[in-house]
Amino acid sequence: MIRRLLDAVAGRLSPRTVQNLRSEFDTSPLTKIGVGILVVVLVTAVFAPLLAPWNPEAQNLDRSQQPPLGFTSAENQTTQETVDGEVQLIEETVQVNATVTHPLGTDGLGRDMLSRVVYGARTSLAVGVLGTLLAMLVGVPVGLVAGYYKGRVDDALMRVADVSLAFPSLVLAIALVGLFGQAAVEVPDPLVTTGLAAAIRGIVSLPGGLTYPTGMPETFTLPGTVILVVGIVNWVWFARVARGEALGVRDEEYVKAARSLGGSDQFIIRRHILPNSITPVLVLATIQIAAIVLLESALSFLGFSGTTLSWGFDIAQGRQYQTTSWWIAAMPGLAIVLTVIGINLVGDWLRDALDPGIEGEGGGV
Amino acid sequence: MGSFGRFLLKRSLQGVVVILGVISVLFALRYVTPGSPVDFIAPLDASDATRRRIAESLGLNQPFYVQYGDYVVSLLQGEMGYSYRSRTAVAPRVFAKLPATLELAVAATVVAVILSIPLGVISATRRHTGPDYAATVFSFLGISTPNFWLGVMLVILFAVQFGVFPTSGRPVGLLDALGHLVVIAGPERGWALPLNVGPFLAAMQNWLLHVTLPAITLGTYFTALITRLTRSGMLDELGQGYVQAARAKGLPTTLVRYRHALRNTLIPVITVVGLQLGTLIGGAVITEAVFDWPGLGSLIIDAINNRDWPLIQGSLVVIGAGFVVVNVVVDALYVRLNPRVLE
Amino acid sequence: MRDLLRVEGLSTRFFTGEGQVNAVESVDFTVRRGEILGIVGESGSGKSVTALSLLDLVESPGEVTAGQLWLRDADLADEFPEAADGSFVDLRELPERVRRSLRGPTFSMIFQDPMSSFNPSLTVGEQIAEAVEVQRRANANPRSTRSRTEGYGLGSYVVDGLLPNRDYTGEESHDRAVELLERVGIPDPEKRVDEYPHEFSGGMLQRAMIAQALAGEPDLLVADEPTTALDVTIQAQILELLRDIQADREMSILLITHDLGVIARMCDRVAVMYAGQIVERGTLEDVFDDPVHPYTEGLIGSIPDLDDPAPRLQPIEGNVPSLLDDEMPRGCYFADRCPKAMAACLEPQAERSVGGKEHAARCVLVDSEYDERDALSEDHPEHDAVADGRGDDA
Amino acid sequence: MSRDVDRREFLTLAGTAAGAATLAGCSGGNETATETNDGSTATDTEASEELPEPETREEHLQRTNRLVHDDAPWIFLNRQYSVYGKSADIEWEARRDERIDGYAIEPTGSKSSVTITQSKMDTGLDPHDHRETTTDNIVTQAYEGLLERDREGKVINQLATGYERLEAGQVRFELRSGVSFHSGDSLTKEDVAFSINRIVDPEAGDLESSQSDQLAGVTGAEPADGDSAVIVSSDGINPVVFALFATYCDIVNKSWIESNDTAYINSNMEGTGPFMLDTYEQDVQVVFESYDDYYMDAAPADQLTIQSASEPSTRVNQLLNDETDIIVNVPPQNISQIQNADNASISAVPSTRIIYNAMIYNREPFDSVEFRQAMNHAVDLESIVSNVLGSFGDQTGQPTLEGFTGYNPDLDPYPYDTDEAERLVEESGYAGAEIELHTPSGRYLKDLEISQAVVSYIDELENVSASVKQRDFGTLVDELVGDLEASPSFYLIGWGNAAFDASQTIIPLLTTGGALTSYNNDRVDELMDQAQSMGGES
């Protein structure tokens, strides 16, 4: 089945489409930027243990709330002294300036922001990709069946779609995650467990003679419930697109011909209708990955994600320090914007080249 | 009844079916989730006997369909049961929160529509010029920015750093502000519109100050989306034959653009706006969390955290129903603008 | 019959990504009052662009780069002496606002595909009433401002959107629209006026378009392939309608088509266009009975003649040149396809009148007899250069 | 500002007559502690044996604290500070028991209305049907109890003018005369008896009150015949009964409660307090107005508004923009910002809440006392208090806080000593153990940050690795309250004890059968039984 799908995708991308893709790529600088950003984010996510300077969870309370390079923060601190039961407040101004070891500064517990942003990429992309895959696996078959059989089946399935559309994706996601708890799956990180990360980090030396501290996290937490929920919440968009395509394709001559030759419905859907609806589904997938990255960050911002290593969570933490250290909330946000811009640019490129005509579909946060 | 009326009826019936579906899904959800609401009410060390008594008082022991029946019937009478935690009635509490959310959603939509339609038209009609590039970059950034982060940044910049806007909260609602103006003196002395404009202006200013940042936070994604759609829609329409024919008739450019091209551009835009309404309400929920805006959004988040089922069900039914109603309205608007669909 | 419009040296260029396309190459022709002038040529010969250039409807990247469009309009001549020559005025010298004001009362245009020329979301009556309203408001205004909108900008559009009763077209325009529909032979116009374009048949809609074009009582109706999209029986009715209207109103018609049958049946005079140039023009009889330019001969030769079924029709080999400026030959554009091409054809061809009458052609054959020996041999360098210089359609 | 009550004088007042009471039934004490593989059951360690047998209740409680300190069932963390921000327009000081008494707030500026911003709003206004401090702060503005506490926690009279112990298990409260409810009905002894019974006996006011365990040991009350007084009976001596009534049990109007349904009771108020409910906008704000015929002189502020903002930095900004007068839970990083502002200042005071990491006594690797002690040594509590809590917290070494009855002054917090910690881990035989700390987030001040700090310190030990697991507070409490098996072995939780008596912390958390117990120790159970059956000083 998967092999058939891959052929279909390759097949669908007839030379003309590939030529379209390439010409679109060459002509528009925006597409190049988009693909560039996406590659950077992908590499960061995959090779996080090598790229992150510090262990994202390593705390150092002595250097908490350190500003990013190029900024200094004059932080005045108040401590209390209990003199015979009476609480005295002592004022002191502490000058905190950036260090090269923490280019993006540190958060309230002294954890390195850059490392957390790097690992955050992994969470966001993992949820984005897996969530989209799940939504696709659920939505596309339903859409194809609805489109192919039309009549009552179509109506029934589309009413189900309407019901799940009746809930804004974020509200439904919050409800499901809030109620089902935030189960997370500990996934071993091959780069670290094989010692590869430690080896490489040992060799590479940082500017100023510092060496990479080793001891990166052995496992990586995948927010299981969030991925499931995000998939459930977004299947509708795939169903709508797949149904649209199936409706279009089912009346084509070659489909009638296949049916006349005695092909079973199931065979026809798999053999004829599915391959032809791949392109719009592919384009929708890119839009969905962007939408899900935004959705995941919103969920973790509200505290509904299974892992603390995610951009949304750091932004929420940053809110506490909004008066004293603005960068704790700013940095992860910029990472989200950059990633989503990259994905959207690639999405536009695919849509312009393949022109599946699905303007405006796809759930936002 | 014209075909439009028949369409409206059929669409509304579909809407009712969907709302019923929403209620059933919600009800089923309760039986699938772990943990029971009793844990949240019973004191820390309640014995099993007390737990059973609480369960009974909440009607949890009756069979599934009886509870479902009671729920639907009570819903029709506008009753949504009592909150497990605060024991107060759910319906008035949920509907008291509705104006705050509606204010935010409407303010954001108004901001979005007023900004995005002209922006989209300008960038479509004056291609490859300053405004076109600005609009494209802005709209691209707009759809790629998570609205809660935008909210936090706006607060840090405008509220904390420059103190121009309040950081959060909604001390006075729009209705209360308007309330100052309109005091109906009653039929006997004729409807009087007093001139105590002072408090009205103060209240309006207070409301506007508090709603600006949340409206921008919520509205940005929408503005960006509609700008992009209007722009690409206008570009398509301006290439159509009837535009050339209209110009050939001697119609002035403004007429050609707004009465013909824009009108046909709005049709697909409205459909997408209808589809993306979920994002608006979803966005409202998170914007309320960022700005402590006392709307349905913050109510739902607390309800879910406390597993306060009647409150969850009540709020979600209102949101689901509101969403379906708005969708029916959007479809009706679509059909009115695009008669061909009625065939 | 006095001249209404004299077109001299009209050239229109398109500045596209691939290069400069010369869609119309210094075209001259005149339209007389109350006459039907036909322009015939293969698709891509520039006939539609010529029409659009007259009404100043050419949009970027296209642009009218040269030529004068002399219109006989005494009032305009007084108002704009600097653009005037006698009672004629050069349209290209007039300010854009004024030129636009001519669309409707002086010029109007009907297009090939009626279905895509009407706004699907407005009723046909509304769109025709619109055309009437524009003229009514223009005339109601002092001539100087000629403002047709009375300030109908985005604001009033929004207001109209919200308050359905207050609309751009008044009651009076609607009645006029009904009359026009009746004039063009549409049955029970009162009902049809409130119907939408998709509720009309192709033929009916073409009639509605004609009605819309008559709203301003134009002096010159430009018809760009009006019957091409219709089947034959409806075609005849539409042509009959056009002739009937033309006769009734002393209106001139510029009929653009690739269908020689339509030309033969309708036009008084005809101009044959090829690759952006008028290669031959003259009265119907001159051009049809003794065509001079080989291309015209080829065209006429490709019509089957009922009473004398010729053995085999002669197609013209090759296809229309690419019109890309750097690829166009210096001499006659038809040389590479012309069976009678000779050395002289490689020089730029001026228009030569044939025997003093209005009949003229842009071909060396006008003056000299064709001699077998002068034929360009197959291996002549110019011949090949021209032959393979063709890109695909501009 | 009144001199702070010094420690000794305080002790004499709070402790009262003996009374044996444990929460859900007495412990029996003869259960054999479950055998664990390395034999170090939680029996008494040698050290406490040499000390003389405790005589008074005070000494019993102090001995229990020492025993718990040595056996280290918890990682002892910090005493939470209540840090409030107050505007310059009011005269007010923070209280130790995390309550805000509207009556004590004096507006000095031009305006006479006061606004308080909490972190959450109430969960219904029924005074007997909630367990949160946020709801308590709203309800106590309009309702009053028999006794009350002053700013430092000293018991003072309120609706009762006098109280005395009749015999074992019975006490008598003399009621104040001339007191009226906001509706005008006058306070009767039937109202007082009804209020007490409504909490302890579900049938009395047909309410499953979640405060029943707060009036531990009290079985019921009935109006005394003759003069206006009420007799409260408990099973056993119940030495802390007066301390309990000084903190809990608001008095309601019997007829008002019985003539209104639950929803009405939860959205309206009928108390005797200095403030009357003006408008109630659920989840948004509660507005009180001064009650004119209050039995003492009217409250200084004529209008009191309580609202909420969940995000601490939002509360800070509201205070700095003069949108509110008092804000709760000011995070350490914002304290200096308020202190430097000219229109606001900080009012901080040690609260009655302790934060600790419980280690289930019979779960590997926590069943070894050496491992538990190692955990205490591993954590640099001093750095957590100064860095994470910005010094707004005290280190603790025992379950009872300084200033409480039964506090043992001779015990110090575990010193930070990683070598000692690693040695003890080796000795415990659990080298290489992996432990996971379950923690709520946002429930207590800096709870998640404290857990993450504790885990990172433990992780630095060579032979132990630790990780944090963030949990939703509701589900975590579910597991702790259920049977011991369901609860996680290692978790952070906080416990407020507003009765200022050691027993109200040790019994529920450290005795067999306690509500949130994670520890069984016969000696501790025995000591507590004796303590609760002995009278205090007064």
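General remarks:
Read from first to last, the chains carry the letters A, B, C and D; within each, the first residue is number 1.
As a convention for this text, contacts are C-beta pairs under 8 Å (C-beta built on N, C-alpha and C of every residue); 3 or more make two chains touch, one makes a residue touch a chain.
Just so it is clear, the structure is predicted and the values come from calculations on it, not from any experiment.
Between the chains A-B lie more C-beta contact pairs than between any other two chains. Farthest chain from chain B, judged by C-alpha centroids: C. The geometric centre of chain B is 53 Å away from that of chain C, both derived from CA atoms. One inter-chain figure worth recording: chain A and chain D are separated by 43 Å, centre to centre, where each centre is the mean of the chain's CA atoms.
Averaged Cα coordinates give chain A a centre that lies 57 Å from the centre of chain C. Distance between chain centres (mean CA atoms), chain B to chain D: 42 Å. Residue positions of chain D with contacts to 2 or more other chains are 311, 313, 317, 472, 475.
Within chain B, residues 35, 160, 289, 305, 307 each touch two or more of the remaining chains. Residue positions of chain C with contacts to 2 or more other chains are absent. Going by the touch rule set out above, the chain pairs that meet are A-B, A-D, B-C, B-D.
Interface residues of chain B facing chain A in the complex, by the touch rule stated above, are 14, 17-19, 21-22, 25, 29, 33-35, 140-141, 143-149, 152-153, 155-156, 160, 221, 225, 229, 232, 268, 271-272, 275-283, 285-286, 289-290, 300-301, 304-305, 307, 312, 316, 319-320, 323-324. Touching chain B in their complex are the following residues of chain A: 159-160, 162-171, 174-176, 178-181, 290, 294, 297-298, 301-302, 312, 315, 318-319, 322-323, 326, 329-330, 332-333, 336-337, 340-341, 344, 359-361, 363-365. By the touch criterion given at the top, residues 57-59, 61-62, 64-65, 75-80, 82, 84-87, 89, 91, 108-109, 181-182, 303, 308, 319-325 of chain A touch chain D in their complex.
Remark: chain B residues 35, 39-47, 50, 53-54, 57, 82-83, 85-89, 93, 96-97, 159-160, 163, 166-169, 171, 289, 292, 294, 298-299, 302, 305-307 touch chain D in the complex.
Contact residues on chain D toward chain A in their complex (touch as defined above): 4-6, 81, 311-313, 316-317, 331, 333-337, 339-340, 346, 348-350, 383-384, 386-388, 390-392, 394, 441-442, 449, 452-453, 456, 468, 470, 472, 475.
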